[in-house]
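Common to both upcoming complexes is chain A, partnered first by chain B, then by chain C.
On to the complex of A and B.
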């Protein structure tokens, strides 16, 4: 057997995938959020819908990440978080996140984004103060992790659109489903 | 006698259902029921092999060698299995299966009308898969 190929670096990974114009990406996302606001009217509903859309994206996108990054199974949640921050965010968004604020058990942490391409031109109006504009991102993380047997809860704690100094996403591992047969997830 | 190294290719979802089957000139086993049964049997055998392993952390059978064929299996971390039945001693099949996994992420999962875990009916996937297999054959002829 040939040795498994080493994981790619974030930059190499970013260079190897196809990219679109950043403005097209940002404006398309803006148009989607705007349309959801028109269709659903309630800000809370829009948050939910964005999260659901992100989840659906995440469940598919995780395979592309695994196929193209050559990462192997992570030993623990800490390693998983590092891989997402350094490689996952880089591959799909072109930025990296920092992982901080670990709790004592090592089951929840924060991803801090200094730079977020989704919000380049966005200013939240007064009528949309409850809107979690980037909720699609937290949905993606939740969906992707669920496909590799980790149930998580993802929430936003800091949001630059609301005047904070960075974007901070809190990820809490609630349940790790065993992968080996017999599956013990029925209880 | 087929010149290809690969006799057939299977893709099974995480619950053991066959979602893709392609025959490349094996001795005429094309029955759909048979291929479905084989896929779910392989899924179970793969799970049993993990249980039999004396060391923890075994990911299941990678290669099964028989007198007249090799079976190479690659399981993604999300649980989808890709396995190919090949000539004995066929080389680089692990690499080929990785390439097929990439094609699956590009042309199956990114197709918005593909339902997860369901049988794959994507023309673009068929087309690109055929090209990769063809390239593999050309490389074989040149050796």
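On to the complex of A and C.
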């Protein structure tokens, strides 16, 4: 058996994937939010839809992450959080997050984003003050973790678009679903 | 203190220095997001034409902003006012910034002189898309057609812009052609310019 390959560094990982201009990404995301606001009218509904879109992405993105990052099974939630912050964010968005504010049980922590490619050019008008503009990101985290047997609740606690000094999302591990063996085949 | 990053707070988005546009994200991140855009819009429509129109609308919003951004950053606040120049601007500058390369070709229609075509062998948004048989000629390039229309219209060149698959001989995947049909007034103005 070949020796297990060491996980790549975040920078090496990002350098190894195909990339596109972040502005295309930013503006496309803006177009999505704008369409949702027009269609759904209620800001709360838009928040939900963005979260759902993120969740859908997360459930698919985790496969690519595991396939390309050479990361092996994480020992605990702390390690998982570190991997997401250093490698996950880096591989897809080219930025890193800081993991902080752990609770005593080690089941909830915060990701603080230093750079957030979603929000370039963005300003929330008065009518959209309740909008969780970056909800897609929290959805991605929730969706991706669910695929690796961790049920989480992810909420934004700080948002620079709403006048805070950083982007901070709180991730709370609510349930670790034990993996069952033998795996059931989907028919 | 942990958690205070390099991101600075600005009272107003316009106070923030304009990025130089060198930042990148992974192609997958974009592809996942784009796929959500398409899937969401599929839930909002009854037919393919409507779906293409909605993707075009989304693209239009991007195009309008791209024009403003690039005129400022790449063109020193000037924008093209001649037909060929604006087409070249899209084919080269806009394409380069958004898709990392100039478009494969820019041609004038042979049958109608108000028609121009920008073609791309593998349009970025179609990279990971395969259209199910029952969706006929649906082309996600409608989004890019929308971007082109957004740039053109906001630069004063109203046009109808559509995306089409064109089979290439000996190739499995067709290329995408963005067909631009300018409004009559644009050609009349162009003729007066001489």
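Note that the second predicted complex is superposed on the first by the 180 of 187 C-alpha atoms of A that agree within 3 Å, B and C clash if a C-alpha of one lies under 4 Å from a C-alpha of the other, contacts with A are read in each partner's own complex, and residues count from 1 in each chain.
Convention: contacts are C-beta pairs under 8 Å (C-beta built on N, C-alpha and C of every residue); 3 or more make two chains touch, one makes a residue touch a chain.
Treat the numbers as computed from the prediction; the structure is a model and nothing was measured.
K.L.:
After superposing on the shared chain, does chain C or chain B touch more chain A residues?
P.N.:
With both complexes superposed on chain A, more residues of chain A are touched by C.
K.L.:
With both complexes superposed on chain A, which partner does A:64 reach: first (chain B), second (chain C), both or neither?
P.N.:
After superposition on chain A, A:64 lies in contact with both partners, chain B and chain C.
K.L.:
Based on the superposed arrangement, let me know which partner A:73 touches: chain B (first), chain C (second), both, or neither?
P.N.:
A:73 sits against chain B, while chain C stays out of touch.
K.L.:
With both complexes overlaid on chain A, does A:127 touch chain B (first), chain C (second), both or neither?
P.N.:
So A:127 meets neither chain B nor chain C here.
K.L.:
Touch check for A:53: first (chain B), second (chain C), both, or neither?
P.N.:
Second partner only.
K.L.:
Across the two complexes, find the residues of chain A that touch chain B and also touch chain C.
P.N.:
60-61, 64
K.L.:
Along chain A, where are the residues that touch chain C in the complex?
P.N.:
14, 17-25, 27-32, 34-36, 39, 49, 53, 56-57, 60-61, 64, 91-94, 98, 100-101, 110, 112-117, 120-123, 136, 160, 163, 165-168
K.L.:
In the complex, go through chain A and note every residue touching chain B.
P.N.:
Going through chain A, the ones touching chain B are 1-2, 59-64, 66-68, 73, 147-148, 179-181.
K.L.:
Residue numbers of chain C touching chain A in their complex, please.
P.N.:
Chain C reaches chain A through residues 2-7, 9, 12-13, 19, 21, 23-30, 32-34, 36-37, 39-41, 44, 54, 57-59, 61-62, 65-66, 69, 97-100, 124.
K.L.:
For the complex, give me every residue of chain B touching chain A.
P.N.:
Contact set of chain B toward chain A: 47-48, 50-51, 62, 76-80, 94-95, 98, 101-102, 104-106, 109-110, 116.
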